[in-house]
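Supplied in structure tokens, the structure appears directly below.
Chain lettering (A, B, C and D) follows the sequence in which the chains are written, and residue indices restart at 1 in each chain.
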């Protein structure tokens, strides 16, 4: 591939991803851009600004001669968690920033895009690398933007509709799941450079030893999860991890997945298309790792390890719903791969420092941008988190 | 006065107060309407809707035949604290309501104003009484709207300007305060019907016995409060009430009034007109009762009781800055007057149920609507609250 | 009175009070001395040591030449809240101090008593004054010691008995209460020196103006309070102050007085003599101010002000159960009397700094030492406190 | 082995372990038995009773005909976390149980020991198995008893001495650590039945794939950790995991290991033998996983995985201080081994339900009972826990 062609491709890709972010916001009212419904969720406006800050901070400032900051205050306001860059505006107060306005944030985006243009036309290697990282970063935030928006809308008593033209898959009554068997032995896990892009946490590629195992060929459905509820699943301590049960004994006990609502005529579930009667054949989503683990125990199964999941998918196992429906909780805590090296400098804070107390999810959800994920992709959240599009694939010992 | 003339006056007053609320919002961006920067402060949009809800709930629903609710959900969303009306949307989450939009809330206001019109043209006694109550209620929220907006803007690192055309009073260097003496003996306190309107908590008029006392003829200035700071006032336990000192020993210790900022070149204070160098001759505002009490002790004085304040003002004492600058903390806990009777029904929740743990403030501030207050007016907040326009007038035993 | 006689009386009184403290502890196991069942309650051992620390700090150190501290660490360990004396061991961790042992604390008491002897034989005026203050202080802690012990034992599932030889009053079925009427007008309140001793917060004696009022001649009974419960009193927001109702809506809702236990065969109440079937004719105790206030509203009455209570009692009103059963919540926040001056020096922290957020109780309870209280005596606790022996006397407007 | 011989050995072992628990308490004052200095630490009395409850619940009740409970309340009071057995007295309030007294708990121990005797003389298989489990359980609590006592004494300003006759190892100035290399490849991990006893979480034995690695032959010393402190280690975000750094930014920032005290003449460390000048050559103990991880990063190393640790030790690697000094934090979250099956019934709650959010420690400390640990032994605590005798062994990629 010649440099010119490559550059052109990069420009197109940059434009495409950046426009995607704005397109996702088209259905929003100005009022929707600023809401932070809980500390972990950020306002759409913040996502739009932070992804722009990423290019400004990691590409323009170091590599664009004479670049002038759009607004020096933004360096602080839209830094998420990079201590190597400087102080950060407190995460839990992002929803208080009525200023800058949406229009100003759009100006910020346009200003940075304009400044990126000459760099992308003939990108030095590091500029290209960081730009591609920035685009993957922005795709992650595209999913988060919708995830956080859903948390906002889903908790508004008016149940606003984000977009009702979404074609819901026509589901036929699902059959019983089949458990596919996979051999044990030494397997290769992680990304070794064969992919055009991977996050540092997917590297290095390395060998692991697996015992023979089985994976369900589809995800757990709402109907199956309802059976768990009706069997008293949420109130039986023997099904729960101790930390999860302590939470159930507190004032915050869960009784159903996050967006389920029990009305007089039965269960409903809030979707971005509005409040809908529960579809028992759809995969259950918005469950925590704790709920996924308890469900698996109730079902006489377990969650897969992330290595089992990856080996099965990479090996072309006969699995459905690998991506496009829900992230799939694994039983694997998020830790570094042997020989892991974070990126140098402040970018080293991207992934490595979160390797504590979180669990890996694999797959990809219905709001994950096309082409964003890979079989080696590692998503990670705390085991009590439920606002992600997170579901359950069961595993068993062979 | 004929009925027609009376009605006409009521209509005009209704229109005037309702328009005032919208006029206060003119400088706002749409983004500013939704922000709730702390649980006690409400978004401007909520103030606009709640004051409208008040007329809908207490006037239209009971007294307007065939009135149809604008939106049944609003009954829940914009009920502040009236258990007698029904459940309330949680106060701390008002900032999460991106919907209804500002435009929808304006429609709500117009709809209710339209429905109120025929009632106001020929008001029954109770309609007139409740409408007047509703207008006083809305004036209270006009002050709160600006107070809450100031908390939002004042904590935004961009220090947005609400309106920079506010004519700051030209202050000349203030002279030493004079303490005026007042006789003791039996005094009459509270409202006995001589005023055209009073809240229930100002009644009944009753006798109290006062010891002779003295009141400062002006409020404490920023310069005087700065001397307290520089004398170590915030770190000397002997000046503070025990509960206040416990707070100072926690992670939330105060070091200056709420909107003071120490920059490299000295103290600044955030105003709705922006961040300004500290005006040492202006009255100190945004101090808590705890700070006011500590300052008074440091100054060898004390705070006045609400009875002392009222008797002095009602008696035509030679006091300045009684209204128009700052609410003045008294040493009086907010309790009922002897023989107090709350309004009947849900409106009885307006004042009486808050008679615990709060302190009375007297006077009126620079953001109090004209004509809203009286010498018998009782404002009340928790002793640790600082986001109100609250200042200090000193008292002494005679 | 000659000096010798006076000294002798003081010595006897000192001995008597000091011995009373130890006698109260006779039924305790060593294990009981160290328990702090909640941050506000202190272990018996701490009470024994702190009351001794009071004499050491305020009498021996300043007035006993050559006095050597028993243990310099005790200055810090047993200082309750006197910032003027120095730092304090954190209140909430008093229960962690297994050392010093009970035997060491008894040695401390004996050591200080021995050192006090020569001072008491020929007391200078200030020594006598401070000693008498120290003895009243110790009597307060005698009541607290039993109050805190009850909280410990009452929450132990084994329901230990402190002393079962306590003669329970033989109660006959109580008659309906009578409301005695009292004239309004100017009344004198507070202590003016006619008593041999009073705390600073009872002074100065001053005039107040009272409206005519009525007081119930006896306290509210368990049976009457049970009727409130059975009428849904705890779940009806219209009966409660806003702060109290917020508490009821939290995870800590009350459903009955502190030591009531609902068993299969009815209500029981824990006493220091063990768990007993509820005596419906006994005064209700261990209710908060919030519960007392809600009960009064439910009963169509109100709580008395502290001035009403004192004027009635001082005037020889025909009231029963004034002392000896329960402290009686008033509707009066605990504030200073006009012209109040705290004691000089660190002793000034005894009372004045607590004049915020607390409510006055009048009377005296079944665990108040004989001779400790007066009609002018002001006890004070937070409105949500329930572990004191606190009950209800109703009042009405005349 | 004949039955008789076996029984006799079991009896002796039972007696030995049970007596060890009492011997550990010999230096205690009665007051020390009841203190719970933080929710995670239990009072010595509770440890003595709970270990007895274990035998009563899991051996005597099911297998001793006609056994009568010592006290039915103890079933609730001394159940730690077995939901399968019944409700549990709240963990955080164990320190409030002044009753039962120490004497009563000793009676309880004697009563249960007496009842166990006939069973041990001729143990059925399951009785023997559960008894052995109970003895290992009691040994774990022997270590916890001292660990919790140290937390109590170490936070008492009097710095009580538990036992000052402990022979401190004579340490010579330590040399630089050597990193021993270990081959990668497939290794066998866990217990496969070759040991006379193992907890369920050590099973089944299974294969893993290791990359080549290196382990330090000794533990990190106090002197080395002091260099980390003096290099600003506690205040440099790049060294810390995100969750750990968030903690450092809160009001609870750590500045040194748990029992270090900076006095005017240098660092001291509290030991059970009292406050001692810091021994720079002794292994650092009482650090959290977060501190261990930050130290390792600062040192250009990392923590070992539990598999690396076990393979090295099991393979006879040339390592010092494997047991007897400090538990060694690994980088491995505590999860189940492939094919793990918890014990059946309530005993299944022993280990498995804690497999979330905790990290594995390997080795054994100076307060671990002799003979209690094995190379396959897995200890586990939360990454922020510091009150265990936990230290650091460094690892590196080969």
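What to note about this one:
To be clear about the criterion, a residue touches a chain if its C-beta (ideal position, glycine included) is under 8 Å from a C-beta of that chain, and two chains touch if they have at least 3 such contacts.
This is a predicted model, so every value here is computed, not measured.
Over half of the residue-numbered contact pairs at B-C are shared with one candidate from A-D, A-B or C-D, namely A-D.
The greatest centre-to-centre distance from subunit C, using averaged C-alpha positions, is reached by A. In whole angstrom, the spacing between the mean C-alpha positions of subunit B and subunit D is 58.
The geometric centre of subunit A is 37 Å away from that of subunit D, both derived from CA atoms.
A straight line joining the Cα centres of subunit A and subunit B is 45 Å long.
For subunit D, the set of residues that touch two or more other chains is empty.
Contacts from subunit C toward subunit B in the complex involve residues 81, 83-84, 186, 206-211, 237-238, 240-245, 290, 293, 331-333, 335-336, 338-339, 348-349, 353-357, 383, 397. Looking at the complex, you find that subunit B touches subunit A at residues 29-37, 45, 73, 76-77, 89, 93, 95-102, 152-153, 155-158, 160.
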